[in-house]
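Each structure below is given as C-alpha cells.
One chain, subunit A, appears in both complexes that follow, with subunit B as partner in the first and subunit C in the second.
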Partner chain A sequence: MRGGSIYIERSSGLHRLHPLTKVALTALCFASAAALPGLPWLLALFVGLLLPLAIWGRLTGAFLKACLLVVGPFVLSLTIIQGFFSGGETVLFNLGRFVFTQEGLLAGLTFAARLLVALGGTLLLMQSTPQPHLMQALTERGFPPRIAYVVLTAIQIFPSFQDRAQVIMDAQQARGLELQSGLLNRARLLLPMVGPLILGSVMDVSERAMALEARAFSSPARKTSLNTLADSLLQRALRWLLALAAAALLLWRLWSALQ
Partner chain B sequence: MNSLRKEFTTLSITLIAVGIALNLALGTVVLRLGLPLYLDSIGTVLVGALVGPWAGAATGFLSNLVWTLTGLFPQAFAWAGVAAIIGALAGVFARSGWFNSVGKAALAGIITGVLSAILSAPIATYVFGGVVGAGTDALVAAFRAAGLDALLSNVAQGTFSDPLDKLVTFVVVWSLLLALPAREKARFGNLPVSAGRPLAGKTRRPAGKAAKKTAKKAAKKSTRRR
Partner chain C sequence: MNLRVEGVSFRYPSGVLALDGIDLAIPSGQLLAILGENGAGKTTLVKLFNGLLRPSQGKVYIGDWDSAEHTTAALARRVGFLFQNPDDQLFERTLAREVGYGPRNLGASEAEVKRRVARALKLVGLHDMADAHPYDLPQPQRKLLALAATIAMDTPILVLDEPTIGQDEVGRGAISRILTDLHRMGRTLIMISHDMDFCAEHAQRMLVMLNGKIHVEGTTEDVMGQTKKLDEAEVAPPQLVRLAQALKMPGTPLTVDDFVDEYKQWRKKKKSK
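On to the complex of A and B.
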C-alpha cells in the first residue's frame, strides 16, 4: 500500500475520455448495483460492460486484480454470514446446529456481485483517470476549487507523511523502542511514534498557508489551467444518456418496490 | 453561516488537508505496531478540536472521499457521513472544554465511539450485507450465532471495537494538544484558553489577563532600570 493513487498510465481510448464521461459510467454502475434484481444481471453487467471497458483501456490484469483485492474479502465474509444466517429451505451442509443454505449462499453472492459492480466501476474510473484531471473537470463545472485543493493536496502529501512516519519509527527503534513486546507495551509506543509526525506537520501548516496566500489562493478571480481536457459533442450526449439510464434504473427499482 | 465562514480560512483549509493526509498515513504506524485498532480518525479529531465542528466534519467527510479516490479503499465513501459526525463531535467537545483533562477527553472518545458504532451499523447491514470485509466480521458471525439479528449484530460488533478505538484516538489528540505550542492552538481559535493548562502551565507563561499583567510589570521594571 504505497502512494496515493492507483492510476495507471496507458495510451488508450478509455484514458482519453473526458473524466466526467467516466464519472457518468461509474454512476450508472452504482445505479445498476442498487437496482438490478439478481446475480445473473449483475454478473452480465460486469462481464458485458466493465470488463470490455477495462480491455479497451488496456488495464485488464490490473483491473481484475484490484477487484479481487477489494471485493474478495467481502465475498468470503458474505458467503459465510449470509450462508449460515439468512435462512432458507435447501440445506447444503450443517455445522453443529448451524445450517448453510443454498438460498443464503445465493443472497451472499448477490450482495457481493452488487459490491463488485459498484466498486469495480469506481476502481476502473480511478485506474484510468489521474486525480488532478478529475478534480479539474469537476471545478470547471462549478465544484468548489478549495475542496478540490484540499483533496489533491492530501493525496499528494500523504505518501511523504508515510515516509516520515517510517523514518520516525526507525529512529525511535534505533533509540531502543521495543516493537516485539506485549500488546499493552506496543500501545504505549503509539505516542512516541505518531507524536513527532503530527506535531511537525501541524506546525508546518502556517508556512504552507502563507505560500498559498502568496499565490492568490483566496483571490476570487477565475483561474486558468495549463491542462485542457478534451471533450466532444458525442461525449456530452453520451453523458446525458448514461445519467438518464441511471435515473431510469433507480426509478424503475423504486416503482417495483412500491408495487 | 458566520461560524462556517470563520472556520474556513486559508490557514484552516491547509490544516484540513494535512489532517486528511495524517488520517491516511497513520495506518502505516498502526500496521507496524500491530495494534487491533483502526486509528483512522486522529487527523479528523485533531482538526475538529483545533478549528471547530465544521472543519472537523469537512476533514472526516473528505478523508473518506480521498480514500475512495486513491482507490486503496474505495468502499470508504459509504462511511463519509459517520466520519463527518465524528469530526463535528470532536469540535463541539473541544469547544466546551472536554479536552482540558485526560478523563474528560477519554469520556468524549467513548461517547463518540458508541455513536459511531450505532451510525455505522445500518450502513454495514444494508449497503454491505452485514459485513465490512475485514477481520471484525468474525465478531459479527459470533453475534449472529448467539441469536442477534443482522442490524443488532453489527451494532454489537461496533460497540465492541469503536469506543476503544475512539478513546485511544481522543487521548492521543489530548496529549498532542498538551505538547502543541500555545501559539499554534491560539491561531485556530476553537479551544478554550485553558485547554492543556495542567501541564503547560508549569513550563509556559500563564495565558490571558494574568499574562498581560506580568508582561507589563516586566516592562516597567526594565524601563526603570534604564
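On to the complex of A and C.
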C-alpha cells in the first residue's frame, strides 16, 4: 500500500459525516494528546470515544491493526529508552550498570499513549474519508489549497511510514546491521532507521508538490467540482463544539503550565 | 563465489505465490541480467540471496553457506545489495562515513575502512566530494553513492536492482563503466533491469521470469533471439535486435559495432546472389 490511500470503503454513519466534522474530531484528538495529563485519561479517551467510533464506522479490525503496527514499535522503544534513561526512584530491575525504573516505564507508556490518541484520530478521519472529498471540503471553506495539501500530505505520510520503515530496515541489514542483538545495540539502530525515514519523506513531499505544480495546482482560477458534500445544521454545531473543546483543552494546559 | 538455488518456491504471507519451483546456478564471476514484466518475481528472487526473504520451500546456497543458517547481516559479507531507491539507506553526515558504514558493521579496522572508502568512491567518481553531505548530491549521484557503499562491502557477489533507473546518459555511462570494472575484478554481478539496451550490452547471461517461474534463460545472444518467448513474457528485445529482425537479417547483434559488421556481411552476401 506504499504511497497509496488508506481509505477503506464501507457504508456507515462515520463515512457519511461531513469531512470537516471529522477534521474537528481529529483536531480534538491532537489537542487531547498534547494536553491530557496522564495515562488513564488518554486510554479512557481511546477506549471511550475512538474505539466506539471505529466500531460505528465498521472499521474496527483495520483501525486496531493500523494502531498496533504504527504505535507498537514506539511502545517498545520508548519504554526501553525512557525506562533506562529518564531516571526515577523505584527500581524495577537492573542490567549491569543500567537501572530500569517504574517512573521511566510510566513516562514511556504515557508518551506512547499520546501517539496512540493522535494517530487514532487521524486514522478515523483517513480510513473513512476519500482523500479528494477531504481536499474539496477544505478548499470549499476558503482554505488555501496549498495549505490543505500540506496538511493532507503530513497526515498521509504517517501510515506510509510502516512500508518505508520495512524497506529501510532491509537496506541497512543488507549493509551488515545486526538486528537481533542486545540493548545497547538497539540505540545504534536509531539513526540508520530514522534518518532515511524522515529525509526520504521530505523528499517525497517536495517531489509530489512539484508534480502538482506542473498540473496548475496553484492556479488562481476557481476549480470545478463534480461532487457535493452533504452537511447539516447538527454537524455544524458539533464541529463548533469539538473545536471549542480542543481550544479549551489547550488553553487549560497552557494555563496550568504557567502556574 | 557461486550461487545456487535449488527447488525454491516462495509465498508471501498475503498468499501470493511469487516464486514457483526455481532452479538456478550462477557461477563465480558471471554477469547475469534478470528480466521480466512487473510482478514477475525478480525482486523476490534476489531477496532470497541475502536472506531478506527465506524460501518457503527449497534451498539457497551462497558458496558453501546454506542461506537459511545465516542472518542477513552475516550474509552481507558475501552478498552486497544495491536497492532501487538510494534514499532508503542514506543517513550519515558525509559521503565517506556513508560508504564506511557497511565495512564498519562487518568489523573492518579503521585503516581498512579508510582504504575501502577511498577505493569505492574513486570507482564511482565521487572521490572529490568525500566530505560533502549525501543530500548535497542530486538524486542520480546519490544512487552512485549507494553503489559505492555497496562496493565497499567487498562482497564477492553483488545484486543491483534497477541500477540505471533515473540516470541520464552520463549516469548510465558511469554505471556501465563501473560494472565493467567490477566484472573485470571477478565479482559475480546480478542485475535486475527493464533497460534492455543496457542489459544486452553488458550481460553475459539472461534470465527471463514470468509468473514466478524462469521462462527462458541462456546466453544473452541466445535469449535475445527467442522472439516468441520474449513476447510471451512481455519483454521487448533491444532496438538493434528488432531492427535486424525487421530487415530479416540473420543473427542477433547486441552492440552497434556488431550490427554494422553483420549488416555489411549480409549486404555483401545479398549482392553476390
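In the analysis below, the second predicted complex is superposed on the first by the 176 of 259 C-alpha atoms of A that agree within 3 Å, B and C clash if a C-alpha of one lies under 4 Å from a C-alpha of the other, contacts with A are read in each partner's own complex, and residues count from 1 in each chain.
As a working rule, contacts are C-beta pairs under 8 Å (C-beta built on N, C-alpha and C of every residue); 3 or more make two chains touch, one makes a residue touch a chain.
The structure presented is a predicted model; accordingly, all values stated were derived computationally and were not measured.
Asker: Considering only the touch criterion stated at the top, classify A:Val167 as touching first (subunit B), second (subunit C), both, or neither.
Answerer: In the superposition, A:Val167 touches subunit C alone.
Asker: Which holds for A:Leu179: it touches subunit B only (first), subunit C only (second), both, or neither?
Answerer: Both partners, subunit B and subunit C.
Asker: Would you sort A:Leu199 into first (subunit B), second (subunit C), both or neither based on which partner it touches?
Answerer: A:Leu199: touches subunit B and subunit C.
Asker: If you count the residues of subunit A that each partner touches, which comes out higher, subunit B or subunit C?
Answerer: So, of the two partners, B touches more residues of subunit A.
Asker: Is A:Ser77 contacted by the first partner subunit B, the second partner subunit C, both or neither?
Answerer: In the superposed model, A:Ser77 contacts subunit B only, not subunit C.
Asker: In the overlaid three-chain picture, which partner chain does A:Leu191 touch, first (subunit B) or second (subunit C), both, or neither?
Answerer: A:Leu191 sits against subunit B and subunit C alike.
Asker: Could you give the residue numbers on subunit A that contact subunit B in one complex and subunit C in the other?
Answerer: 164, 179, 191, 195, 199, 203
Asker: Please name which positions on subunit A make contact with subunit B in the complex.
Answerer: Touching subunit B: residues 1, 4-7, 66, 70-71, 73-74, 76-78, 80-82, 84-85, 98, 107-108, 111-112, 115, 119, 122-123, 126-127, 131, 134, 146-147, 149-151, 153-155, 157-158, 161-162, 164-166, 169, 179, 183, 186-187, 189-191, 193-195, 197-199, 201-206, 208-209, 212-213, 217-218 of subunit A.
Asker: Could you pull out which subunit B residues touch subunit A in their complex?
Answerer: Residues 8, 10-11, 13-18, 20-22, 24-29, 32-36, 39, 42-43, 46, 50, 58, 62-63, 65-66, 68-75, 128-134, 137, 140-141, 144-145, 150, 168, 172, 175-176, 179-181, 184, 187.
Asker: For the complex, give me every residue of subunit C touching subunit A.
Answerer: Within the complex, subunit C contacts subunit A at residues 47, 50, 52, 71-73, 76-77, 79-81, 83, 85, 87-92, 101-102, 105-106, 135, 149-150, 153.
Asker: Please name which positions on subunit A make contact with subunit C in the complex.
Answerer: Residues of subunit A touching subunit C: 164, 167-168, 170-180, 191-192, 195-196, 199-200, 203.
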